[in-house]
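Some structures are shown below for you to check.
Look at the two complexes coming up: subunit A is in both, with subunit B in one and subunit C in the other.
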Partner chain A sequence: MTQTTLPPTKKTAPVSAPKGTVSDRSRSERRLGWMLAGPAFFVMLAVTAYPILQAVYESLFSYRLTDPDNRAFTGLNNYWVILTDSLWWQSIWVTVLITVVTVTVELVLGFGLAMVMAKALRSIRPVVRAAILIPYAVITVVSAFAWQFAFDINTGFVNSWFTWLPGVSADTDWFGDWGTSILVICLAEIWKTTPFISLLLLAGLAQVPEVLQEAAQVDGATWWQRLWRVTIPNMKAAIMVALLFRTLDAFRVFDSIFIMTNGANGTESVSFLAYRQTIARLEIGLGSAVSVLLFITVVLIAMAFIKGFKVDLSSARGE
Partner chain B sequence: MVLASSLAACGSDGDGGTATLTWYINPDSGGQAEIASRCSEQSDGAYRIETAQLPRESAQQREQLIRRLAAEDSSIDIVSLDPPYIPEFAEAGFLAPVPEDVAERVTEDVVQSAIDGSTWDDELVAIPFWANTQLLWFKKSVAEAAGLDMEQPVTWEQLVEVAEQQDTAIAAQGIRAEALTVWLNALVESAGGHIIEENAPDPEDIQLGLESDAATEAAEVMRSVSAVGGAAFTTAGEDANVTDFEEGDASFMVNWPFVWPRALGAVEDGTLEASVPEDYGWTLYPRVREDEPSRPPYGGINLVVGAFSDHVDAAYQATECIVSEENQAYYFTTNGNPASKASVYDDPDVLEEFPQAPVIRESLEQAAPRPQTVYYSEVSGALQRAYHPATSIDPGRTGEQASQLIQAVLAGEQLL
Partner chain C sequence: MSTRKKVLWWVGGAIIVVYALFPIAWIISISLKAPSDIANGQFTPTNVSWDNYETILTGSASDLFLPALRNSFGICLIATAISCLLAMFAAYAIARLDFPGKRLILSTALAVAIFPVISIVTPLFNVWRQIGLYDTWPGLILPYLSLTLPISIWTMSAFFREIPWEMEQAAQVDGATTWQAFRKVIVPLAAPGVFTTAIIAFFIAWNDFVYGIVLTSTEAARPVPAALGLFSGASQFEDPTGAIAAAAVLVTIPVVVLVLLFQRRIVAGLTNGAVKG
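For the complex of A and B:
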């Protein structure tokens, strides 16, 4: 059985449209468009493009915030320092690991929750939806503290509730080792952001035309086959949006690490490294270079996703 | 709250009226706010102090203050600053110079370590407020059972032996945080060494003493203590230490004096048996070398006046009121933060609340400040990276690794 999706509707240009010239009406529409979108566009430039360009510029200097007089141009030296430092590669590895683990688990869990939300009885649907969304409404720092307290050796309940699990005892120091720290960080992230993914996937599920499901059912497709051949292919754009957003988000993980381990035992992520150089060490140049590298990585991930999924994002809007 | 107070600062009257001063305070049990209102009242309308609270962790307090001061924030009039950051602030020109007459008055009868902690480049740049030091806290019953004479100075080695023999733990700050640097510095100093042997204006010329015998001995102590430090030694800070000590998991602990009011408060609230603090004993910080007095950690808070403040004179006037003997005694007895003025320790009220006062005073006289350098945050961060976790310290090599890391970080050749 092949995948079942609706045939693309052909867009045909109206015959009467004159080529090449712009009518008064479309010109005034265009002007109106600029007047409506222009302010937002400039605000976006001011709050995103300007800081990005400033970071790129600062990253070429050796510049300490408390010693502005000794600011010196050093070219790409900051990038060289970073890329030859083992700490950078270690934090890249930690970040990739957290990203892959959390996004994978969240996608599977989120899909399940989206199905539950979509199929839940009409009477309990709002309750289910609210219950699932609560973790997402919690501030990340608060959720990080909650998880830290839960696993803390003095204040936590985990050590006394889960002693039946192998490797867990009353004396398990979760934040004393790399592996266990990463595990708790991942758990906190998954708990916190699975609702986000499931919400996006729920929107995707709603877009799958019921006619296709019925047609497949008539053809004798099992539930499993319908899921893989009808539902998922038809919500590819939604999955891609969910994955892309969450991956970019996960790659910038900071709060949980900051609260739970403060970077101890090799748990630093790339964002944490940028924070420590810029805010703690006040080395604006070096910190900006870390941020620029983080930005480039994030752009590459986004490009890889869009190319890999071969989905036009605008098609998700049904244009 | 910060926003509200800075708005209020903007609204202050410039022409001879009441100046509104903003005092950035570290979180405490309300003592600084009370002192602020007392001083405002006593000033007869010369100034009114409003407090704005900084983050809990001293490293985060520094981050916030430095960003604001780098942007020349004029709302910063008075700041409660952790002493190790004073050189950095002074060197960056963030502090208004202390008037000579004020300097003279505020150093009268003040313990030496607090004066040292307020001095940079042989000049007083901060006003000593309260001076903290760590004591060795112990359970009298356990020390007795082990036959340890706590009237005599004890060494870390003895404590480790007793802990092993009595199957108990020594609580110390093994967490990767500023507290670890505090511990390491006290150990190196107690062994007769210094983390920074020689300071230099150029960070690349700073001479480190981490490969000395003293530093190696300190590393050995850290390692051996970590073996009897309890289950979560590498994540334990001061608060976790007290919990372990209160619950009886640890029978020895190096910690600040807040331990005492905390235990009494818990007894009052009914969360701790009265017999627990009754068993508390205290003495000077343990020695590293048997024949050399220990050099306990020095901490506390000193006051600085922001260089961009619109009311520098009023601010210095206010700091003199804040650090008055009366206010220091009040702060000591109510918030558990020891005074920097020696005379406060003879106050009968203080002695009644804090039976430890004489030991605290003695400890302050021999306390050693952390390395004074403009690059303190980097030095401390690198030390924490090299010496954490204490369980995996290799006394022969960790010092060398830490030296290399600090030098590379200061030269801008390595990330931290």
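For the complex of A and C:
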């Protein structure tokens, strides 16, 4: 491992330490540090960097598993095929839509939950906290099934409970068209992942100095003013980190779509498209190219967050 | 606090509990429905029937569900153990030693955590088939490390940073040997952090679906979520809804128990790891 590429971090040597031994000590500390952390670092690279490089390589070939003899180098042709295909743009649109809708709703809902957890009576706090953790811990596939069965035309109770809503009747087929399928997928995702975002926001709330709140209150600020002028600006870092994590997580949406619609009615997400190309159609070349494109998109989103919104992850870590 | 406010808090709390438990209650309810009840449009079963549990535990679907349960437990526990062990050394180095590359390791962990799983799995599908890891336990344990290791490093280094390491020296000054100081002072302080990290890592591995369906093809290695996702009933004439619900309930129980037992620690672990890191 090269350590020279990074600027040396400032060391504050203990005052009593004799000068001569410091460099020896720091050198051995550096070696020990990498000996301890190296294996974890290496394993992380091995299980991610290697596969993505392999995907980049395979994406340059026209290669179908059922027809291995006709494997041929085609350069960037796979990318061209994908980017000019409406399927790709449809899946991007679905993914972006689900991401924007779920993350927006989750942010508002999660903030409310975080406020309740922070301020709730001592007696109900553990109950609320345990309840919140359950959706987080439930398997996504199980949550997707629960929501699917609830809305399903045969097994569900939603149609008989909500007949009073306009447009809902005993034979409303929620998974029969695009809009309603997306709606149910979003509901399931929101239920499952709001707790995570609310826990991140709870940690952010704890970092807002109590003094500021009191000062604002003394100055006569209303609850709403304090929320917008004191609480939110002071936890901006936590909000941005939560947004970044959840956006990237939402962008890989796959499990719920697989269970609920299996990509029917144009509900295919980018992850699902990559899966279908590789596993169902055994088009290794095309599937790899979709994977690489998804990876690039995720990197771009992360960079946009970090550069554009100035998300400073180290400040959020309280350093 | 006024009574009115108290009532409001209780109502708010009750809404949250209902929100969190409603889908769980629903899936339990379907799992107890008899086949004739499945399509009755009601939330609750008219008669409680244990048939679905029989189907998956001893009946026609047991050879699909039970091996999957064994695979999930085995694979997730091993992946969790390996990532906790690796993360323990890394987190110790990050919390206690000063060396260039600390930030590099933490940023790498972050980058790996946000990596789209599907981008890892499509190339692995082909490679695993060629080198014989397809549809085996190691073939899932290795990629699972990409899920469990980053969060383990983050969470554990957050915990380790809060350990008052001076106590080790204090114990040695008081006459303890190095080993005694480590075992009697540091281990008890570090154990809760390691344990919490293990629970969170286990949840993440247990939740995996993508690796599970892509990298397995039989009950030799297929984990529970993948088995549930591909489950279509013992025969095409049988509606799998009830059996899926029963299996879903059974795999949700251990998770709910863990959450109820360790909720305080899990919250601390998630918030520390993700925000304070």
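Here is the rule we use: the second predicted complex is superposed on the first by the 295 of 319 C-alpha atoms of A that agree within 3 Å, B and C clash if a C-alpha of one lies under 4 Å from a C-alpha of the other, contacts with A are read in each partner's own complex, and residues count from 1 in each chain.
One rule holds in what follows: a contact is a pair of C-beta atoms (placed from the backbone, for glycine too) under 8 Å apart; a residue touches a chain by one contact, two chains touch by 3 or more.
All values derive from a computational prediction rather than experimental measurement.
Legend: residue contacts after superposition of the two complexes on their common chain; A:F251 is shown touching subunit C, with no touch to subunit B. In the superposed model, A:I132 lies in contact with subunit C only, and not with subunit B.
Looking at the shared chain after the overlay, A:A264 reaches subunit B, while subunit C stays out of its contact range. Of the two partner chains placed by the overlay, neither subunit B nor subunit C lies in contact with A:V94.
Of the two partner chains placed by the overlay, neither subunit B nor subunit C lies in contact with A:I190.
Contact with both subunit B and subunit C is seen for A:N154 once the two complexes are overlaid on the shared chain.
Applying the stated contact rule after C-alpha superposition, one finds that A:L212 touches neither subunit B nor subunit C. With both structures placed on the common chain, the touch criterion links A:I279 to subunit B and to subunit C.
More subunit A residues lie in contact with C than with the other chain of the pair subunit B and subunit C.
Shared-chain residue A:S26: touches subunit C; no touch with subunit B.
In the superposition on chain A, subunit A positions 65, 154, 279, 290 are in contact with subunit B in one complex as well as with subunit C in the other. Across the complex, subunit A meets subunit C through its residues 1, 3, 6-9, 11, 26, 29-30, 32-34, 36-37, 39-41, 43-45, 47-48, 51-52, 54-55, 58, 65, 113, 116, 120-121, 124, 126-143, 145-147, 149-150, 154-157, 159-161, 170, 191, 195-196, 199-200, 202-204, 206, 238, 241, 244-245, 248-249, 251-252, 254-255, 258-259, 270-271, 274-275, 278-279, 284, 287-288, 290-292, 294-295, 298, 302, 313-314, 316-318.
Residues 1, 6, 9-10, 12-13, 16-17, 19-21, 23-24, 26-27, 30, 38-39, 41-43, 86-87, 89-90, 92-94, 97-105, 107-112, 114-127, 142-143, 145-146, 149-150, 153, 203, 206-207, 209-210, 213-214, 224-225, 228-229, 241, 244-245, 248, 251-252, 255-256, 258-260, 263-264, 266-267, 270-272, 274-277 of subunit C are the ones touching subunit A in the complex. Residues of subunit B touching subunit A in their complex: 59, 63, 66-67, 70, 88, 91-92, 94, 175-177, 231-235, 240, 243-244, 374, 377-378, 381, 388-389, 409, 412-416. Within the complex formed with subunit B, the residues of subunit A that make contact are 62, 65-67, 81-82, 85, 87-88, 153-154, 171-173, 175-176, 261-265, 273, 276-277, 279-283, 286, 290.
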